[in-house]
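Naming follows writing order (A, B, C, D, E and F), and every chain is counted from residue 1.
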Amino acid sequence: MKISARNTIKGKVKNVVVGQVSAEVTIDLGNGKEIVSVITKNSVENLGIKVGKEVYAVIKASSVMIATD
Amino acid sequence: MKISARNTIKGKVKNVVVGQVSAEVTIDLGNGKEIVSVITKNSVENLGIKVGKEVYAVIKASSVMIATD
Amino acid sequence: MKISARNTIKGKVKNVVVGQVSAEVTIDLGNGKEIVSVITKNSVENLGIKVGKEVYAVIKASSVMIATD
Amino acid sequence: MKISARNTIKGKVKNVVVGQVSAEVTIDLGNGKEIVSVITKNSVENLGIKVGKEVYAVIKASSVMIATD
Amino acid sequence: MKISARNTIKGKVKNVVVGQVSAEVTIDLGNGKEIVSVITKNSVENLGIKVGKEVYAVIKASSVMIATD
Amino acid sequence: MKISARNTIKGKVKNVVVGQVSAEVTIDLGNGKEIVSVITKNSVENLGIKVGKEVYAVIKASSVMIATD
């Protein structure tokens, strides 16, 4: 499957906090960097997301803002 | 200024394509990785975004999906 | 590849309008229903999106609002 | 009221899971298809969303991605 | 029609810039404040959006970030 | 720091509801108007968000829809 979302960043799950509906997943990008994602609790279960699993962060380009100093 | 968006990733602008309303900005993260952003043409001008400029990609956690192989 | 986005709806591309940065793609769901998507021009090219192609609309649950009469 | 969001899909509420802040609502589209939405718990209450209620899923075109096999 | 989006802010259209796919609409909130929206060119036409028209900016709560000084 | 998000609206925190992952923050804009935001519980803690604090609602233009009567 190919997806139109322009950003796909590989990493390893570092932490998972599960609420009643949402879950916060921290992904370790391996160079001291992390990405934090909020998805549904059901997706955490459907994808078998747990600490140590290799995953991809997927981000649509129109969701990315730019900041400058 | 601090922002609630959980993801702030430093990089350097690699490419800018400007349309009549939107602009696509490619940010080089320095390790062979890139992030692509779509913002308004006006923001490109307001922030002085051009090739070589140091910028941050800013992404709200709820905009980050997760994929698995 | 499995993705955390909860909504994947099959259809066939009915129309594509390409601008300088963005593109609007209309997907026919086959029962008189359609879904309209705005992605980048580059994604249209990368995925070979053209009229008649079978595709999936993919939508993160947190992007779906609900309305009532 | 007319809204700029290009996608309005009619269905019937099939399931509601309510957390402290967010709620996950599953909408049955009637042909074996479903759409899952995450909105606030307050919106579930304000709109009187409950199983069996006729509702519309509303989605901005820029929130719709496209995938291909 | 009632919608789950928690934010509906009344204003008057101050400026419209139309591209091939997207359009940028500036809404005057009346107290020296403005909101800028990017929607599709087709929505501008479907809703008859033009300078001076009374409109509402509609924003899903999960799209609102918070910043502090 | 300057950000590409086109909308930055000043206000004062009126209410905070914190769940296990997400939090709902109501911001008083001072003229009888409010904006509701859903961010992560962690951001509420990182930014020290509490009732009475001066904050800014920050919204990307592509997240703003338009409705008409």
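The working rule: a contact is a pair of C-beta atoms (placed from the backbone, for glycine too) under 8 Å apart; a residue touches a chain by one contact, two chains touch by 3 or more.
Just so it is clear, the structure is predicted and the values come from calculations on it, not from any experiment.
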In contact with chain B and chain E alike are the chains C, F
Considering chain A as a copy of chain F, what rotation angle in degrees (nearest 5) results from a C-alpha superposition of the former onto the latter? 120
Report same or different for the chain B and chain C interface, where same means the shared residue numbers exceed half of all residue numbers found there. different
What whole-number Å value describes the gap between the mean CA coordinates of chain A and chain C? 22
Taking the mean of the CA coordinates per chain, how far is chain C from chain E in Å? 23
So how far apart, in whole Å, are chain A and chain E when each is placed at the average of its C-alpha atoms? 29
Would you pick out the residues of chain A that each touch at least 2 other chains? 1-6, 19-22, 24, 36-40, 42-43, 47, 56, 58, 60-63, 65-69
By the document's touch definition, which label belongs to this structure's chain graph: line, ring, star, complete, or other? other
So the touching chain pairs work out to A-B, A-C, A-D, A-F, B-C, B-E, B-F, C-D, C-E, D-E, D-F, E-F
In the complex, chain C touches chain A at residues 1-6, 37-40, 42-44, 46-47, 56, 58, 60-62
List the residues on chain F that touch chain A in their complex, please. 1-5, 19-22, 40, 42, 60, 62
Could you pull out which chain F residues touch chain E in their complex? 3, 5-9, 24-25, 27, 31, 33, 35-39, 43, 47-49, 53-69
In the complex, chain D residues that touch chain A: 17-24, 36, 38, 62-63, 65-69
